[in-house]
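Look at the two complexes coming up: chain A is in both, with chain B in one and chain C in the other.
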Partner chain A sequence: MQSPVSNLQYPISNLQSPLGFLTAYVPEELFHAAGFTPIFIFHTADAHGFARAHLPGFTCWVAGSALDQALAGRLDGLAGMALAQTCDTTQGLTDLWRRNVPHIPLFHFGMPLRLGSPSARAYLLAELQSLRERVQALAGRPIPDDALRESMALYNRTRALVRRLYARAALGDIAPPDLYGLVRAAFQMPKETYNQEIGSKMQELSPLPSCAPAPLLLLVGPALADPVLFDVIAQAGARVVGDLLDLGERYFAVDAVEHGDPLAALADRLLALVPTPTKHHPQRTRAAHLLSLVQERSADGVIFARQKFCEPHGFDYVQLAHALDQAGVPHLLVELEQASQAGQLRTRVEAFVEMLA
Partner chain B sequence: MYTAGVDIGAITAKAVIFGDGELLATPLILAGYDRAAAALQVLDQALAQAGLTREQIARLVATGYGRVQVPGADRTVTEITCHARGAHYLCPDVHTVIDIGGQDSKGIAVGAGGKVLDFVMNDKCAAGTGRFLEVMAHALEVDLADFGQLALSAPRRANISSTCTVFAESEVITHLATGRPRAEIVAGIHEAIAARVATMVGRVPVREVIVLTGGVAHNAGVARMLEEKLGHAIFVPEHAQLAGAIGAALIARE
Partner chain C sequence: MPRYPRLRSLKEINSVMTRYYVQRKVLARIKPLAYVTSGAPVEILEAMGVLTLYPENYGALCGARGAAVGLCQVAEAQGFPADLCSYARSHIGAVLRPSDAPLSGMPRPDLLVCCNNICGTVLKWYEALAALYDVPLFVIDVPFQRTTPAEPYVVAYVADQLREFVAWLEAHTGRRLKPNRFHSALALSREAVALWQEVLAFGQHRPSPINAPDLFVAMAPIVALRGTRRAVDCYRRLKAELEERVAQGIGAVPGERYRLLWDNIAIWYRLYRFFRPFMDAGACFVADTYTNAWTVELDLDDPFVGLARAYSGVFINMSLPTRLRIIADLARRFQVDGMVMHANRSCKPFSITQDDVRDELRDELDLPVLIIEADMCDARLYNEGAVRERVAAFLETLEML
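Up next is the complex of A and B:
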């Protein structure tokens, strides 16, 4: 039977004032309140080769694919593009975009590095205010506080829905391709539609048979990896019970407070998230969070799904793998190419699942 | 009860049949492009060697890259799990398996009963694989069967610094152009592959007894130079190339 998730496609041309974004720290609500529909620009398996003239060969393919799609004209319907300050590649992409894709205005958002420092919140508030002014200029209208609060409420409902998905995943009751198909849709669909439709899609997903003896896994990595990985995990007979993906569980974990100063609420939400590898918070280290997830979900093992050439996650892997080794938690590193190589990926994942079984 | 294991690798297809705890058949053929046909052919050869019919095989487990293409398999199991089990059968004291096949190389930490504790795998690059040796033997016009011994006969080793098969071939051509003796170049090639595999295997805990499996286990030069790089003795069992198929047939008994 075909999964109800398989037909969730929302092309740019069907969206109202679509605005693309990359990275896991863009305050989507600010753009939404100005009348835009923020969507994440996921990579495509095919490449036109246009980006190669501008980027070194060791650039991660999420950034490379976004530039390639833009240069090929496939993002021409976008009203704008937003990037938060994360890795060196994103910084470089900002300049390249402004020079080479001038017809899609770019918004750079300065997300602080040290999230626990005393000045982080003030810095973030100033950046949010600056972004608000730039977005207002593009929209040609002000963003009233009430409109921003309404957008935050809408996004909070989306986050609550995605948390329900993860609650099912934590029980091993949702197949990995369905889980990530629905999480991915939250980045591609208008939130109004998502909030209306996804509850019923969740109902349509039949409960999975009892977990035993399926090994329970956690995923760690950047964006949402490659859908092929989720198929391979499911076919190997394992379940995913949670993740530390940049666009995964952590992204939806914290709501924005719907009363008071809306910019302060957006800032506090961004500061409260478990950091991605390019950020640091002394009270919220990624290793401690991952170990607590392993314990809480009774995970048997961890798969690091790293995009080839993603340096921040490469350095992060060393620290997290060390922490898992100390705790005696088995882990596997798979390096993902822009175009999937399912055969070799399958051997590694199946062998890992056989090892855990 | 008779059980069979079929291992369809990148270059060769192997089959074994177990009966009453004994290895009854051990054929090996080239896999070719039609993996399903190769699987049937090597299994037929195994049945003929054992004097059995297909109906007498209680269970068949397939492994290797072509495992999903083996007709009639009761189950598929990865070559990582199978090599660990097979190596444990061939050497019960094994703690580390180094499997160098045609297309990839692996390091496997093995626990009690041949269980996989951890593994690393090089699967995207021909350097450190049997294919690397094939390409180099062809370029230097040396029979693959003599390649390892020729490497060990050299008094000195040429420096092959590249970790890429294609670039390494360019380096070989450069050495040939400077008149470097063939044996020294061959020795350098073996040292390069050993260095690459040793670096990769070092990511799992390397503990003696170390067993070398896969087709490259037949190459004494690689085995010797791996011993040098790792600082440990390496055991090469008689049926090293069949370890995956043996593991599959053992798993089929469970």
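Up next is the complex of A and C:
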């Protein structure tokens, strides 16, 4: 039977004023309120060979693929592109995009590094105001507070739906490819459509047989990793009950407050998220969050899916793995490259799942 | 083989730096010690009598002494992926196994101070150190300067954090920031930066009395001793020696034929050996983008705002158009004939846009550019044969111009 998730493809040309973005800290609502349709530019397994003329071989493919797609003309329908300040590679991509893809205007958003400090909030508010002005200039129209609040309400509904999805996943009730197909769709479809359709899609997913003694896994990594990985996990007989992926559960965990100053609401939402490894929060640590997830979901193990050459996740892995070791939680590190080595990935994931079972 | 004149001052700088490490080991028993990143506002620490040590400088030392690969492997055995920054891996390796490390490692810090104006990697490195040592960490966020000059609210954000930093230091050390000592540290820092700028400007002479590998040795005090009298003294002596050379017409590369520009951090484990074929062909590296990082002038009127501006404006924190302007300006002022870029696997901020810098220099200034793929510390990523061939081909290109 074909999965109801498989037909959730939205080509750029079908979208109204599509605006691409990368990183897990772009305030999508601000663009939406100006009439754009924000979509995440996922990396693809195929390369057109354009990025290599501009990027050294030691650049992660999440960034490399975005530039490659842009230079190949695959993103020509985009009205703009947005990036938040996260890692050194993203910062370099900001420069390279401006120079080499001038027909798609780029918005750099200065997400602060220290999330716990009062000065960071003041700076973030100023950055949001600056972004608002720059987006207004591109849209050629103002973004009224009410429009922003409406967009936040729409996005809050999406977030609530994705949280319902994860609530089912937490029970081990969704196959990993379906779960991530539906999460990924939230980044690729207009939210209006997503909110209408996804409820019924969720209903269509038949509950998985609960008797299977499937090992329960958590995933940690940058973007929504690689579809191959989700297939491999499913085929190995494991379930994913939660994650700490940059674009996964954490991204949808916090709503924006729909009353009061909308920019303050956007700022407070961004500050309240569990930080990705590119950010620093003295109190809210990723290790503590991961350990509580393990406990809450009764996870049997953790898979780290790291994009090769990703420094923030590379260092983060050591901290998190150490915390898991101390708690006696098994874990596995797999490295993803441009084209995933499905065979090798399968062997390692299968061995890990067998060990857990 | 030709012999090249050595600068006496470099020997002195090396002994000042060795003394610096040795003294830190002793003094750290009685005074608080902070590890700091190379672009941190160290004048505040200096004024408060907090000792500082630079893990990046130590990483370079590991590289130069050929100890980095072994130490990187120690870190890798603990799970640190081999494609992470080799300064970080070397230093973490030294923390984990000081017995294999130069100077038996650095003394244990009481505090960690991390400023991201040079890269984002330092955040992760310092978080790892905070976990290893279980000591407090202060992170100073200096936003990437997408437009120059920085917006007033960006400068205000950095200045606010610096004030917060002082309060944090006072709370953790029980020491006070006294205005007169702060002012004198700032003035000394300013003086050292001005002298360093003068030292760098000597490369404009023909022949140049100084070559990039000399600068990579000479830079240690401007990184590690900013805000102290010793940095000022080191550069006064170096400046005097360079003046002497100019007066006598002595070049760092006798019979200087080509003047080149270097980009990126040094290849520490091949410091002079890498440059030797260039020197033998009469090529002198008269300027570079790396040692230029410590040339931003301090405005003393409002010290916190002055520091915020200066530390936001470091080369590597600027957008590509600004960096291109700086590089083109160096190329013109120093009248260079070509550029050699080190595509340094460990330093993404320096390396990611290099292909575009090369294209710009070729197209706008008609300069030949060579890109060498290597790593600042991890010698496993250095392909001796390939480098030799590419350098020889580049030197032939210069010959034909």
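Operating definition for what follows: the second predicted complex is superposed on the first by the 355 of 357 C-alpha atoms of A that agree within 3 Å, B and C clash if a C-alpha of one lies under 4 Å from a C-alpha of the other, contacts with A are read in each partner's own complex, and residues count from 1 in each chain.
Keep this in mind: contacts are C-beta pairs under 8 Å (C-beta built on N, C-alpha and C of every residue); 3 or more make two chains touch, one makes a residue touch a chain.
All figures in this text were calculated on a predicted structure; none of them were measured in a lab.
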item: First, second, both or neither for A:G172, with chain B first and chain C second; value: neither
item: First, second, both or neither for A:G20, with chain B first and chain C second; value: neither
item: Per-residue touch tally on chain A - higher for chain B or for chain C; value: C
item: Contacts of A:G343 with chain B and chain C, given as first, second, both or neither; value: first
item: First (chain B), second (chain C), both or neither touched by A:P330; value: first
item: Contacts of A:A351 with chain B and chain C, given as first, second, both or neither; value: first
item: Partner chain(s) touched by A:G64 [first = chain B, second = chain C, both, neither]; value: neither
item: Touching partner for A:G248 - first (chain B), second (chain C), both, neither; value: neither
item: Residues on chain A lying within both footprints (that of chain B and that of chain C); value: 335
item: For the chain C and chain A complex, residues of the former touching the latter; value: 78-81, 83-85, 88, 116, 119-121, 123-125, 127-128, 131, 137, 139, 141, 143-144, 146, 151, 153-154, 157, 160-161, 164, 319-320, 343, 345, 348-349, 351-356, 373
item: List of chain A residues in touch with chain C within their complex; value: 53-59, 85-89, 91-96, 98-100, 108, 110, 112-114, 117, 119-120, 122-123, 126, 130, 277-278, 280, 282, 306, 308-309, 311-312, 314-319, 321-322, 333, 335
item: Residue numbers on chain A that touch chain B, as the complex places them; value: 330, 335, 341, 343-344, 347-348, 350-351, 354-355
item: Contact footprint of chain A on chain B as seen in their complex; value: 65, 77-81, 104, 115-119, 121, 123-124
